[in-house]
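There are two complexes below, and they share chain A, which is joined by chain B in the first and by chain C in the second.
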Partner chain A sequence: MSTNPPLLEIKNLNVSYHTRKGDVPAVIDFNLTLNAGESVGLVGESGCGKSTVSLALMRYMGNNGSISGGQVFFMGRDMATFSNEELRALRGSKIAMIYQEPFAALNPCMTIGKQLLEVPLTHEDISESEAKARTLQLLDDVRLPDPQRIIESYPHQLSGGQQQRVVIAMALLSNPKLLLLDEPTTALDVTVEAAIVNIVRDISKKYGTAMIYVSHNMGLILKTCERVAVMYSGQVIEEGKVQDIFVNSRHPYTRGLFRCIPNITADKNSRPLSPIRGQLPLATNRPKGCYFGPRCDFFEEEKCGKDLIPISVADSNGQRVRCTRWQEIDWDNYHPEVNQREKAAIGETLVQVRDVKKTYELPSESPLGLFGGGKREVKAVQDLSFEAKRKEIVAIVGESGCGKSTFAKVLMGLEGGSGGSIVMGNEDLAVLPVGDRTSETIAAVQMIFQNPNDTLNPTHSVGAQIARSIRKLGAASGEDVERKVDSLLDLVKLPRSYKNYKPSQLSGGQKQRIGIARAFAGRANLIVADEPVSALDVSVQAAVIDLLLDIQAKNDTTLLFISHDLSLVRYLADRIIVMYLGRIMEQGQTKDIFAPPYHPYTEALLSAVPIADHRIEKEEIILEGELPSAINPPPGCPFSSRCPRKIEGVCDKELPPKRVFPDGHEIYCHIEEQELKKMQPVFRMIEKVQTTA
Partner chain B sequence: MLLLILRRFSVLVLTMLAMSLMVFAVLETNPEGLARKAIGQFSTVAQRTAWLARENYYVSVSDAEEKVAFEEKGYVTFSVNEGDWLIAHAPEEGVVYPDKKISEMVDDEVNVIRALQVPMAKRYVTWLGKFVVGDFGYSYRYKVPVSKVLWPRLLETGKLIALVLLFMIPLSLLLGVLAGMREGSFQDRAFSFISIMTTSVPEFASAVLLAAVFVFWLGWLPGTSSMSSGFSWAEMVLPVTVVTLYATGYIARITRASMAEVMRSHFIRTARLKGLSRRQVIMRHALRNALITPVTAILLQIPWLLSGVIVVEYFFAYKGFGTLLWEAINNTDPFLIEACAMVSVVVVVTSQLIMDVLYIYINPRIRFQ
Partner chain C sequence: MKYLLKLIFSIRESRVGMIGLAICLFWVLVAIFADVLAPFDPLAIVAPMASPGFSSEQGILWLGGDFLGRDIMSRIIHGARTVLLWAPVATACAYAIGIMLGLTAGYYGGFVDEVLSFFANMVLAFPVLVLLILIISILGASPLSIVVAVTFASSPAVFRLVRGEVLSIRSRDFIAAAKTRGENIFYILFIEILPNAKAPLIVDACLRMGYTTIFIGILGFLGLGFPPPTPDWGGMINENRAIALVAPHMTIFPCLAVSSLVLGLNLLADGISEVSKKI
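Now for the complex of A and B:
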């Protein structure tokens, strides 16, 4: 026995789930060695087994999961030999976990304090007051304001970011040796995410905790981890030091994944995405040989299509790759086909939005509320003005609660506006609910929704659903409908036979293609896409975006793209509107938004985006405080409560003036134009990249 | 908190008013029919008119000056009782009202009396006012004021329901929690089987079955529960058991579903991965969350029990609210029916209020929103 075993050693771990169709392997041949204080990332798309690995380490796999092979050594001891009591003593004490959805992870009926105190009281023989003191200290460490108030609160009284900090504090309370983070920031806004990631990094340094960071986001892994393992369909297909993987990835999947991620410094014309073709294989239906084979450009039946591919060491740096052909591939001469686009000529104005307001009324909390008096107002959208031209892609970005989706509802006529106008042609859409619109107007303004799983009726075939849209929008009638359905399926590059399928038989990406087909069923002039790809995996996302852009260009459609993803917006938008708490902060051409002068909020937002590119260095701006509620926004500039450049006594009193820069670039800020122009760019390219080799 | 209760309460008062309007509309808008129900199918028109006048459905005066004032306006007056005069509209042409007491008139003549009705709104207000102070009128079946018979009967049923709840709540929650704790396990299947079985046998069937076994075969228990010689525990056993069995299965099913859902939730995983034992996880984390739904269901059971016990009370000749309602309807005893309906409304609405308050108490998410 070695004198100093690694903290965690996983040897040939296999995990399967028992289903009616037999055992389905979820994790295959997983190996990992982790020393104290190290951090390793597990990255991959949905269903690749990354979360299963972390739960398997806790030996917690629900009713139908089990470890079907391999060993896990924790501090030198095989975890299979742990008794139930010993496992319990380990969980939450030596190994702790941080979860994806903090709200779901906390007991809604128990105060935060009770839930936190449980950890030390269960694992250690200490008094309650001692435990409480430590809990308060940790809440302070995770930068939660007023810990005393927090421990008396219930989970629903905290914001998402605060809840996640509580979960982090809970994980750290017993000073664990190993911290498992399962997509800890996926449910959070990007500025909150940046703050959480910083906390995790600082704390693991402070306490010397080893981390396994599970994420689908390459950018986050780059920011947080030293080593990374890329997973695909249950297998690790490549692993090594993070820098090496970014600079010199050897597996075709890893390379493909990087080409699918929009880069914050480039747009669709200068660096088009190249999607990985095909779909992720289902766990029940994996191909023979290499699981990535059917989607790989270097697939050779002889070498890749026969046996399971073993993982092999690629260099002295410990980079390992699960590919039989990695030495043969000449990456320098590999240029996958990409959809090269010319910058489209933008037409005349199509929609003119002026001073749109949307106010919701809430019943009052005062006794007057009984009689309908003393109503409170939520100003979801205020004074929104912009115009969208024909063929233009206008993006609205902002974090949750900024009013971007509310505006989409007003535009679609699902909700009446409270003021202002949205003029398209000779109609004012702001005062025209969808029920009063003619079918031409309805066909002209269509929407693509965020979650394709919820927007298709599960009991009807997709063909019938497209046909219904075609008839409703008056695009065709009688026998022409069938032909139109076929042509729409062609348009979204799905086989015509799919029209007989039920939505449950399609993958997420395919469902979203149906959503796109539906939106284009009539002659749409304006398509509102509300986070159309945020529910999709990266490799699928690129293909759907590519398709959407193609159709948009071909049909001369104006696209209003609502998103929180700045990299994506940078990639595809012509113009960007940045919103915060219902108000426009900044708007202008995409290139102007991504270069100084910035609005301080845009600057912070850009700085918060995790970037999957090791060559880019960026300014770190961490926003303090919580996103204020729209019921009770700060007076003056809505961003004043969190703004690092706030001018005391001005910003929190008056609404900021509009500062106008060339090319229709507008910033709403109290800071003088000259001062704004002095801002430094958030992103810098590092000239020379050093690998660890 | 207080505000919330106040708000709920005002909604409930409105509900009660709406319900009282409906009861009034169904039973009180046709005075002639009401009189038939009260004093019998074979009463004479004269008797009914006299009754209606006495019960203030028709305008009658006892003051001689008022009588004259009406006559000057063109109304006709009849003497109803000693010193009371009924006010009627002027007769149609060719018809002469003889100046007689109503009771002395023959039916044909009185058919043309168009007695002046008290306006509906005014009647509703006095009717409701009487209910509020507990004056429910007279029961023609029991020949006593309604309140004399209603309250004791309600108390009897209250005892029955209390005993049922006493056994049903712990039993059903226990069954449900044990079943939902491990979804799909043998334990789950076994307890689920028991609860489905008890709730799928209707009360009249289980009453017959239990009576056959314990009364006729074993002879351990009395077959009727009329409590003719004072309160007897032995007579309570069968009615309580029958209702408990039926209600338990239902609540246990709801509890099981709620528990199973909670056990699948992420915060249970969090608690497990904190290193808590299974017992701690269930006692501290699962139970309270799992009980929110069944508590609501249990309180919804109370109004159901109030009328749901009719079968059992009737079967065992238990003198409770259920049998009272049954007899009131059978004998078309109008004021008793009205009183029973209004009492039911009050019980339903009150249990709703209790449910709301309890819900706020057990579910912190409501309290602060």
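Now for the complex of A and C:
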């Protein structure tokens, strides 16, 4: 150890927010020491205080937040002694911050170049040409092609991934000592995320910048950080070296969190998720003693339910844990109850989808557009064909803009299709809007929506909304409705008293449960679930998924699961369809999708998924370039503009042929079958795990 | 309805809202109990040109008498009844029409929206006063024509507000959910969409009631309002305008009445918009 003070030292930091209901502690007893060049991850679910910590470091908490205790030393000096002027000089020069929404971080009416130059010109005494040279260098470092062009553009002319790279370059411009990253990739697609994460890691090595990486995603922390602190309800409950936490986590919450994360190498039958019971306590209503107590299987009133739990050092590696019983728990003999599932027998074909197309017309940008001439088309979905069997779970995966949600709208009749057929029973749903469907068909096809805050009408009570669905879907009438509402609430494991609640009184997970209850109110044969859990925290996500699978199995329903999350899809789907820019790239049984031969896009997608498992090593395939616009897709294979295995002169000219493999596995690619079969698996299990001990 | 009660109950958390509510309640009570409160018959000639505080044989004229000798205070009190009856009626009519058309335009969009918005913009582009005078000159001065005129002039603004709200609500998932369970258009418009726009609509209704009060005042002032001798604030200002320099109390008190009511409504609207974000 050197005699220099650490770069950042946080001692017993407490942060509170003032509300009408009094002071609410948001961060309690937070300690952290960070040396130059080190990277620490802060991980936890929403509301755990991880973002508040990073804001408190910058002393930037708005009107109602304040540091109510503890000290923060930056480069040996107590930050409370900095004047506002000094703090302002510090922000952006010594400490830089990168936020979740890149678009909100850039000024939309200034060119990128002007905004970037501002940083060194404000903080340092350098000439404009020097500043410009450094800016260009950094834009090159974040791997933006053609920095000169980027400098001259405005934020809206760049894609989300490019914007975030600009924000990173901006943060690094005056060579900060400490970089705070608050969910920097959450708003981005996985393939873009993978590229950004690599840049962040390389840059911090190159410039020796210390990092605090705030994220809800364990996989990203594993990829980027050396140490990690796990937070729960305002407290750090465990911290240590990343490897140690992954191999040998000691706190029941950390363990529970890992059991909630679907693993990309396992499915629902071989490794069922085990959700943490209960829900996150509200900051205004934390339990006595251990905050995790009410959800913990090892809770003992005597030891855990009395006083605040101090954090204690667990071993010589600096792993610390906030649990009174960590030495007593025998993890090897702990097997929480999980919902063991048998592979369901799949029935006959329920829906047959043939060449479904959906095209949107946009007015032309040219003056002719005024007169209705020169219309442009967005081909949102093209030639989508697949079939779904009874009791089967079919997943459609792809990044934003791939057409998966558009297809759901066509299937539900919210938008009319532009061609093709969706045959279910003896009706063709493709061009039949919902208003023209028979009430039987409407009851047979129902949907679960993505956004928990949007899925329920905020003005009506939960019970009234379920009751309305029951009546409209013809499941019950008269006095039976009330009984059916109760049974549906039982089905989704919510107390019956919730029917009098307004949606605003429920948490996100509870709202999604009501959404599920509503979809199953009739006798639905086919449920379309459009990203039903993507807005939820992992521990809640696991419980909702578990519930959805149970109800689906019980009712013999076919589930069309739309998602961008490959781990989740691997976990629950029987069959997977991979889409890119409106077209199917690959489809087949889940096990076939996750093993070679792959479509090159699937391969890249798999390699981009952050995996919260230290035992898995994966091939690194970073896609260059940006997602092309659907108005002007590349001719030939839509993926040809980014494909690392592109065959020049073929892929960008002609549509790829269908290559058929056993078990209905189909890949649309120009690469010969023999070549595809030679691909290496993306994931490898590492046999031995080395801990730092 | 429950929402409205909750709103009024929680208005105590906003100071401006409380002041506004107090002023409005004051005028409402004055209007309701006009017969009891007014010391004189508003049409009776008591003391011509009396100054404020003048004691006549029948009693004291606290705010003086007008050019004919009618008690100004009694006329203001009874005038409150006129304005507080017709301003809400006219506003409600403007709302009924604005909501119907706004829901239709916002929900259907496209051609329907373009046609309706075109007409709304055309009315809005017209100077309001000219429009009001025009309509009343055609229909003749009567309470009914005031309602028609105000409805015609105000409903386009309501239309635009409702349309904007519908545009943002109709793309939300719960509307898609309603469609996928086969709800008809009326259910979606009136049960799913409209209740979610209530907060801005209630705030706007308060403000619009203030505008209507001003409109009625202006019409009265122009001699296009309620036919004399109806006690009407705008009309009172007009009647006594000629001698305003000699006897300012005859015009000032009716003016104060109009502005205090409008101020009250505006403060109430501010208060409601403040608390509606919290509940």
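One rule holds for everything that comes next: the second predicted complex is superposed on the first by the 690 of 693 C-alpha atoms of A that agree within 3 Å, B and C clash if a C-alpha of one lies under 4 Å from a C-alpha of the other, contacts with A are read in each partner's own complex, and residues count from 1 in each chain.
Heads up, the rule we're going with is that contacts are C-beta pairs under 8 Å (C-beta built on N, C-alpha and C of every residue); 3 or more make two chains touch, one makes a residue touch a chain.
This one's a predicted model, so the numbers in the text were calculated from it and none came from an experiment.
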Touching partner for A:Val423 - first (chain B), second (chain C), both, neither: neither
Which superposed partner A:Met679 touches (first chain B, second chain C, both, neither): neither
First, second, both or neither for A:Met110, with chain B first and chain C second: first
First (chain B), second (chain C), both or neither touched by A:His156: first
Which superposed partner A:Pro458 touches (first chain B, second chain C, both, neither): second
Touched partner set for A:Phe449, first chain B, second chain C, both or neither: second
Overlapping contact positions on chain A, where the chain C interface meets the chain B interface: none
Chain A residues touching chain B - in the complex, by the definition given at the top: 58, 60, 63, 88-93, 96-97, 99, 101, 104-110, 118-119, 122-123, 154, 156-157, 167, 170, 365, 367, 369-370
Chain A-facing residues of chain C, complex: 3, 172-174, 176-183, 191-192, 195-196, 198
Chain B residues within the chain A interface of the complex: 3, 6-7, 10, 183-184, 265-267, 269-277, 280, 284-285, 288-289, 292, 362-365, 368
Touch list for chain A against partner chain C, complex: 409, 412-414, 434-435, 437, 439, 442, 445-447, 449-451, 454-460, 468-469, 472-473, 515, 518
